[in-house]
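Listed next: structures, encoded as structure tokens.
Two complexes follow with subunit A in common, the first pairing it with subunit B and the second with subunit C.
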Partner chain A sequence: MIDELLIAQSLIKYYRTGTGWSEKKARPVKAVDGVSFTLYRGETLGIVGESGCGKTTLGKCIVRLLDPDEGKLWFNRDGETCNILMLNKKDGFDMRRRIQMVFQDPYGSLNPRLNILGAFDEQLRIHGFGDRAKRREIVAQALERVNLQPDYMYRYPHEFSGGQRQRICIARALAMSPELIVCDEPVSALDVSVQAQILNLMKDLQKELGLSYIFIAHDLSVVQYMSDRIAVMYLGKIVETASADELYERKLHPYTQALLSAVPVPVYGAKKERIILKGDVPSPLAPPNGCRFHPRCAHCREICRQVEPELREIGTTGHRVACHLYDGKNE
Partner chain B sequence: MEQQMILRVKDLQTAYYVGKRRVNAVNGVSFELKRGETLGIVGESGCGKSATAHSILQLLPKNGRIEGGKVEYFPKEGEPVCLSECKRTGRKMREMRGGEISMIFQDPLSSLNPVYTIGDQIIEMLRAHEKISKKQAAVRAAQLLDKLGIPDAEKRLRDYPHQFSGGMKQRVMIAIAMICNPSLLIADEPTTALDVTIQAQILELMQQIQQEYGTSIMLITHNMGIVAEICDSVAVMYMGRVVEYGSLKQVFTNPKHPYTVALMQSVPVLGMGKDKRLVSIEGATPDGSTVFKGCPFADRCTKAGPHCFDHPPVETEPEPGHRVSCHLYTEGGAAE
Partner chain C sequence: MEKRNSKARSSLARRSWQRFFQNKAAVAGGVVLTLILVLCVFAPLFTPYDPAYADVSQKLMPISAAHPLGTDRLGRDLFARLLYGGRYSMFIGLAGAVGASVIGVVLGCIAGWFGRRIDRALLSISELFSVFPQMLLILLCVALMGQSVANMIWVFVLTGWSGVFRIVRSRILSLREEPFVESCVANGISGGSIMFRQLLPNTIGPVIVHTTLATAGFILAEAGLSFLGMGVPNDLPTWGNIINAAKRIDVIVNQPMQWIAPGVAISLFVLSINFLGDGLRDAFDPAQ
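After this line comes the complex of A and B, so read on.
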């Protein structure tokens, strides 16, 4: 039976900018502006978008490195659903173990002055994973899981290559036996040949341990390869979500269409219709009125300038899109 | 009619000296580029792609040295110029840089000077190579920016780099490179720092420039997709060597070197589905100072035999124009 692990309900996170007295200076950056999604257990939800669309902020809100301003995050904790933003201290602490994160830069996310054991040990100690010998055993197991030798735990981060470091970061997340791992661009700092190792490893771990992933990346081909379902973000909002295959075959939102067509395909003679978007992503300080994509959209109509479209379901496959082009079609 | 050659690199060798260590960044690289064509140089980080480009223009840092080989440039008229024999700060070299051969760098953010307006920076380039008044130069600069898709070009000449977005800055970089109408443009990862939709814009723009001015382009990238989309020929590099070289069709439809094959299978392609498994290359790229007795790829190669570890591979040409450095294609080579 498929059960829901995490449900986000209209999450909002604004960054206040400046401390100026004028209204202009006090305008917030609307990094995440009303995002809702559902993540099922054992599934991977991919989140794609260009830089500045709020995907990393969303990831940080889920692990609560940042606290969302508004919205709810329902987590299925051993059968009972709780809003993890409203938990008391003790339960919130427990949530930190269940949701782990893997960051983009494997060079920046390991302390150069601690050996690998030290990097793992702190969290294991705080969360009460047993005495020293027991903790060491857990670290050894986690390292073995990611195909590294257990005695690597006595080495320091500088002794490892980028790919190995990313494995260590994944192992560190695994050591806490989490249910959900939020991966923020886990392979974008790596070389292509190493990238495949990490992606395969993450897929194997998911199968073995029944993990759920939220996989944040800007590379559409990587996201499509990893995910069961994909959410496309643009300026702090989800504009389209569907299963990975469906999104590739039947992309509805003009932005998704452009995004997919812009990805270069490494196949000879694969000349295809490229949709070139005009201009840049507008500043999230002052997102356009109406549909946020309308200044760059080729299908822009009057209504798009005024009314913000809602994320609506099209068809029966759970394909949802926020675009006026599909108004009144098969609700 | 045979197409005219514009650049020929023969057995180029470049080394960096770090302390007492010697790092062979470029280790016998040879390729040709024809007029009006695009050559893609692909490889992972540290394989010597950028070092090759920097050697061509003699832009190496102080601890880098060209140790052998020849770089020849064939201008539209007149005698071929041997770039590797020019003095790096000599007059000839300065004339070539920017005038005949231009370069765009990976990071538009750090390649522009933050304290000068972009107008100043474009005009400086133009006035270094042509006798032209500042006013006329400004007009030319504005015309070019307009052509490259920057709205309000005349006004924006007075803006500073921080007032432009990433994609716009890359357009400015292209403008600086193209203002003297060079015959060869070397683009070192021009879109790596940009988003995909902006990347598509810039690639489209580069193709447009090529059609209009007949510029040859040497495109350095790690993205096989970009190569497939805009290049005519490809050189695949690994550890300072060109391991495979040929036309786009040859390399992409019939890759010969195990490294090229693995590189193509290791990237996910849109629409390939979730169930197909990526083929990963074991291990990591070796350190640059490693000296190899045999083939540098041998210890990561699935087809390597004992021969591969002891003898360096010789370049062979299994089909015309398609060159591979691998023992699999030499007679009596890689016996299992």
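After this line comes the complex of A and C, so read on.
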């Protein structure tokens, strides 16, 4: 039985630029501009896109580090569906336990002045995980789950390597017994050999604990390895979603094609056709009319300049794409 | 197990202390400071005299076994006055510096954490205090509030908090962008708790240093004010008052010990606390 854990409905997050009295006049940065997706329980949704496309903002909206300006986030909370953006204080607080986040920078993710136990302790305490001894036990268990010795909890962050710190961060999320972990580029600051360790650890934990991940990354091979389904973002919008295998087999959106043509192939002398995009990403202050990708698209037509394409399903595999090239196909 | 844990637990502090003890000037400062502190705090053990007792038959005595630094114009033992005066001077300096730091830390946390309007308002107030000539402000406050030890401390607290405020504010401003803070926020930890439990310990190194240096500064300021006759009431033997009492040309020429002794005491104290403060900064701030 597959059930939905999280459904995002046209999430919008604009950043207001400028300060003070000029705030109202300035145009907002449209970081996330109408993003919808569905995440099923126990699966990993990969979110890829280049820098500045709004991946991290989306992640922060989901853990509610940021408040989306519009849109809904439906979360399946023990069988009943609720919009986590509209919850009362108490339930909203409980949601913060259920959705955890792992950050990109393992060095900044731990307070240098607190030992590991101290870093875990307060969040466990305020979420009612029991008395001191009980909390210490939970921390020990969480550390064991990420293959670290329990008595590391008395050490300070500077005594650990980057890979160890990232495992500690994962343990910190696990200690809260979450249902969803938003991973914002969790391995991009690590050595390649350590990356594989962390990724495998995360996969094992997912199997063991039935976790769901939203895996944000720009490293395409990492995303392919981790994800069940992938959403490709461009300038604050999702342009294509499909299962990981499907997306790599049959990429429909011109942007996805260009993006995936940039993945290096680990075969010596392999010939590859790179699709080189012209120009830069337009400013999210003033995204182009119509399809946001049209100024850089090789297949751009008149309609692309005027009408913004909707994300619609192609075929029967749940492959969805927002592109006028596929208008009229498979309605 | 428990023993190992306690060792590991203190490793950060231990490394800092190791670094501190490698700094010879800082250790020397610490030793001299301790010596002065012990002499002043346990003054009755080192001198049999009452600093306020005037024995006119003994006035202006030279250095002798009975009076290690001689006596002043009223026949009071100078050594006793110096030791008891140190109590007042150090208390004023320390209380002023600690009070100023507490205010600076609390306001700095609030300004740095909340940012925006609160930050702008607090920053403007602190700038107002720091651009105004401090000595003038102190003179004004003393003139308005009157002369007493408590008022002296209040004046120092009121005029001295902006330095610590700016240190703490800027640290918090940069720290609050760190992912570990975001992690706390995402877990629903309250702003107050993040400010004072998570962020404050990260600012405490520079604050300790600033507090020690401010102590020295306030002792100097107190001496300066007393010398101008605007400080602590004259009957209390602070170091500044002792120098003030020697403020006559015949005393300066004929009884140099009257001003050399308190001058040296102030200089030694300020120097040692400066060395100590520098050493603490180097030891507790890895960025230095």
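In the analysis below, the second predicted complex is superposed on the first by the 324 of 331 C-alpha atoms of A that agree within 3 Å, B and C clash if a C-alpha of one lies under 4 Å from a C-alpha of the other, contacts with A are read in each partner's own complex, and residues count from 1 in each chain.
Operating definition for what follows: contacts are C-beta pairs under 8 Å (C-beta built on N, C-alpha and C of every residue); 3 or more make two chains touch, one makes a residue touch a chain.
Not measured: the values here are computed from a predicted model.
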Clash-or-fit label for the pair subunit B, subunit C on subunit A: fit
From subunit A, separation angle of subunit B and subunit C (C-alpha centres, steps of 10 degrees): 80
Partner chain in contact with A:Pro264 - subunit B first, subunit C second, else both or neither: first
Contacts of A:Val232 with subunit B and subunit C, given as first, second, both or neither: neither
If touched residues of subunit A are counted for subunit B and for subunit C, the larger one: B
Partner chain(s) touched by A:Ile216 [first = subunit B, second = subunit C, both, neither]: neither
First, second, both or neither for A:Cys183, with subunit B first and subunit C second: neither
First, second, both or neither for A:Cys297, with subunit B first and subunit C second: neither
Which of subunit B and subunit C A:Val192 touches, first, second, both or neither: first
Partner chain(s) touched by A:Arg96 [first = subunit B, second = subunit C, both, neither]: second
Subunit B versus subunit C as contact partner of A:Gly163, first or second or both or neither: first
Lowest inter-chain C-alpha distance for subunit C and subunit B in the superposed arrangement, angstrom: 14
Doubly contacted residues of subunit A, that is, touched by subunit B and again by subunit C: none
List of subunit A residues in touch with subunit B within their complex: 50-51, 161-164, 191-197, 199-200, 203, 218-222, 224-228, 244-245, 248, 258-271, 274, 276-277, 280-281
Sites on subunit A touched by subunit C in the complex: 60, 63-65, 92-93, 96-97, 99-101, 103-105, 108-115, 119, 122-123, 126-127, 151, 154-156, 158-159, 169, 172, 176
Touching residues (chain side subunit B, partner subunit A) in the complex: 44-45, 165-168, 195-201, 203-204, 222-229, 248-249, 252-253, 262-264, 266-274, 277-282, 284-285
Subunit A partner contacts - residues on subunit C that touch it in the complex: 1, 4-5, 8-9, 11-12, 178-180, 182-190, 193, 197-198, 201-202
